[in-house]
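As structure tokens, the structure follows; a few thoughts come after it.
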Amino acid sequence: MSKVFLVRKEHFCASHRLHSDALSDEENKRIFDKCNNKNGHGHNYTLEVTVHADIDSNTGMIINLVDLKEIIKKWILDPFDHKHLNLDTEEFKSVNPTVENMVLVFWGILIKTELNSMLYEVRLFETENNIAYYRG
Amino acid sequence: MSKVFLVRKEHFCASHRLHSDALSDEENKRIFDKCNNKNGHGHNYTLEVTVHADIDSNTGMIINLVDLKEIIKKWILDPFDHKHLNLDTEEFKSVNPTVENMVLVFWGILIKTELNSMLYEVRLFETENNIAYYRG
Amino acid sequence: MSKVFLVRKEHFCASHRLHSDALSDEENKRIFDKCNNKNGHGHNYTLEVTVHADIDSNTGMIINLVDLKEIIKKWILDPFDHKHLNLDTEEFKSVNPTVENMVLVFWGILIKTELNSMLYEVRLFETENNIAYYRG
Amino acid sequence: MSKVFLVRKEHFCASHRLHSDALSDEENKRIFDKCNNKNGHGHNYTLEVTVHADIDSNTGMIINLVDLKEIIKKWILDPFDHKHLNLDTEEFKSVNPTVENMVLVFWGILIKTELNSMLYEVRLFETENNIAYYRG
Amino acid sequence: MSKVFLVRKEHFCASHRLHSDALSDEENKRIFDKCNNKNGHGHNYTLEVTVHADIDSNTGMIINLVDLKEIIKKWILDPFDHKHLNLDTEEFKSVNPTVENMVLVFWGILIKTELNSMLYEVRLFETENNIAYYRG
Amino acid sequence: MSKVFLVRKEHFCASHRLHSDALSDEENKRIFDKCNNKNGHGHNYTLEVTVHADIDSNTGMIINLVDLKEIIKKWILDPFDHKHLNLDTEEFKSVNPTVENMVLVFWGILIKTELNSMLYEVRLFETENNIAYYRG
């Protein structure tokens, strides 16, 4: 009867290069500057996944945090942790891995899992100071 | 005329055991695993209470932070800090102290105080990675 | 097509005195207590500016974080960093620099910049425990 | 040839009760106050283990962080995480689990492992504000 | 028999102005720049006091954290919190309140209290990035 | 007359690959596992540089924090920020960029600057949980 928000925070490390195929090399250099460095650079990403649902009166949970953790591990950490996003993942081969695009892509992945209708927000910290989030 | 959100963050330490009377011992063990440990375990909880109201033009405040702090101390810290939630508090004798249930219970307490109509959100960090919030 | 939220976090150091011209000295002392200290006191403020807009399909950004950083620097950090808010800034000569008033003032400044329609939230941490935010 | 310090930080949750068998009930109550609560309370403990040794010229490591992590897991996290220290562990049945005694006990355990001669410091955060460390 | 280190972390807010009477106005401006702003600026200071002593076998403590907290409150927080260091305190009337001088002054105060021979380190965070410490 | 420690904390983002030319591919894979990923991964590194010297009685400083910041920027941030350590920097072309080797390399660079005799410690956080430091 009472819809509560539940947040699980996870961490992963990856490298990326900001580069758009739709732009010239000069534009890429001008717009992304040092983030356009050919060999890439990297971040300790912090991911927050928020779900929103009724509390199960038997368990007192809206989803078991162990399960939520497993879903994030399976769909985000396993494929993206310790990877070069542009070179090692299909998702960012042609999509520029800005923090904005990354929350969109991660939302797109998680919305197809069992989280589906309870997914409320995907928030990503690229650094402590650069953060994006998406709510569908 | 301008409704602003104000957040006060407080800390308390408590122990708890995840256990539901509606479930068998086997189910409790399977669902809550190590959190079901008979003698309990504990956390440094961080509580964030958000109020939402017009700024008083004389004081520049929506509520005096000293008063907000006192209300949280009186209604949450004094009764729950340094306690075993299941054994020492009435609220969690029959309610499983999951982080979801805890924000519901704390909301239920704070909504009856002078915060009443200005209460916007109760957020609880069980650990840095496990967080729940409720907005009524 | 997809509206994403983007947050940039910045820091500044300032001193202030909580004091309202609309109140007597006794009321000021009673209400603001040690924050009413004649010579003021200070804080390391953390400012979070959130914008909300569609992702540009060419760049993958809703706004270049370098530009967002520059706008905050120009309009907030340059005029308010390392200042005594009551004595050194026009904005708080007659407006009491409570954390509530500060988010209102900063919103009022930023809404007139190129951020305008994409501005979603201005959040200010006076300390880790005292936070205000405004969403227009 | 170059001795470097390496630190691994880990987290565990436990409950405890400050109580000394060498003191009367009145003394226990007076000295430990709310920490003497009969049913205990709990913390999110953060443990930092520092080792000090020469860098292996082949690997560039003084110890593989994966191994260091495993040693801490095996000897500290597995036996103490999600436990009531006084009731569930042999080490604190008769030793009062103050943060001072805890670093001593954890040092005593880790010094007998393969870390042995490279162990430099064991540091424990009971809360963000209460910390103890021991260097042998 | 076992000497353990114990750390207590406290917070205070103050304003200050970096200015040396031994320097000309031009030198003060050149050396301290925006920190020389006439009306001052401020910080949320974090203070860490470390003591080093044998564990009392009866209590399991080297000093009661409640007492340590009280000593810091009495000698540092009460006189310096919510103050303008240069204008409101005797200690910094003629001593420039750099973070280096502040740890020296605080050490000088604490070494004369009952902490005396157990005092090991005084550490002060002016910001998250600017830190000084002194060990006598 | 009074030697004080001063710490400046800075941040940079880089990618790296743990790989040793002295080891076979199988050994590299076994020892460094996912950190050996061919295209690398990355981190938000936090660097803490500690200097130790007498306070200048005129300025109250042991070194101007602005100068300390500039030295770190010139010698560490400019060459290593937003780089792939193995591919873009001479220092790590043949030296495996483990966190242990990185503090050694950074110490070797900073000891040759004007910091020289006042350099006390170089500490590097690869993540919040993996930290190395070196004291010469």
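As written, the chains take the letters A, B, C, D, E and F, and residue 1 is the first residue of each chain.
The definition used in the following text is that a residue touches a chain if its C-beta (ideal position, glycine included) is under 8 Å from a C-beta of that chain, and two chains touch if they have at least 3 such contacts.
Worth saying up front: this structure is predicted, and the values here are computed from it rather than measured.
A.B. asks: Please compute the angle of the rotation superposing chain A on chain B (C-alpha atoms), rounded to a multiple of 5 degrees.
C.D. replies: 120
A.B. asks: Between A-C and C-E, name the chain pair that shares the greater number of C-beta pairs in contact.
C.D. replies: C-E
A.B. asks: Specify the chain most distant from chain B by Cα centroid.
C.D. replies: The chain lying farthest from chain B is F.
A.B. asks: Which chain has its C-alpha centroid farthest away from the centroid of chain D?
C.D. replies: Chain C.
A.B. asks: Averaging only over C-alpha atoms, locate the centres of chain B and chain C and give their separation in whole Å.
C.D. replies: Spacing between the chain centres: roughly 28 Å.
A.B. asks: Quick one: chain C and chain D, Cα centre-to-centre, how many Å?
C.D. replies: The mean C-alpha positions of chain C and chain D differ by 41 Å.
A.B. asks: Using mean CA coordinates as chain centres, what's the chain A-chain D distance in Å?
C.D. replies: 34
A.B. asks: Scan chain C for residues touching two or more other chains and write them down.
C.D. replies: As it turns out, chain C has residues touching two or more other chains at 128.
A.B. asks: Check the chains against each other and report every pair that touches.
C.D. replies: The list of touching pairs comes to A-B, A-C, A-F, B-C, B-D, C-E, D-E, D-F, E-F.
A.B. asks: Of all residues in chain B, which touch chain A in the complex?
C.D. replies: 18, 20, 22-23, 31, 33, 95-101, 103-104, 128-135
A.B. asks: Enumerate the contact residues on chain D facing chain F in the complex.
C.D. replies: Where chain D meets chain F, its residues are 2, 4-10, 55, 57-62, 64-66.
A.B. asks: Can you name the residues of chain A that touch chain F in the complex?
C.D. replies: 11, 13-16, 34-35, 37, 39-44, 81-84, 87-88, 127-128
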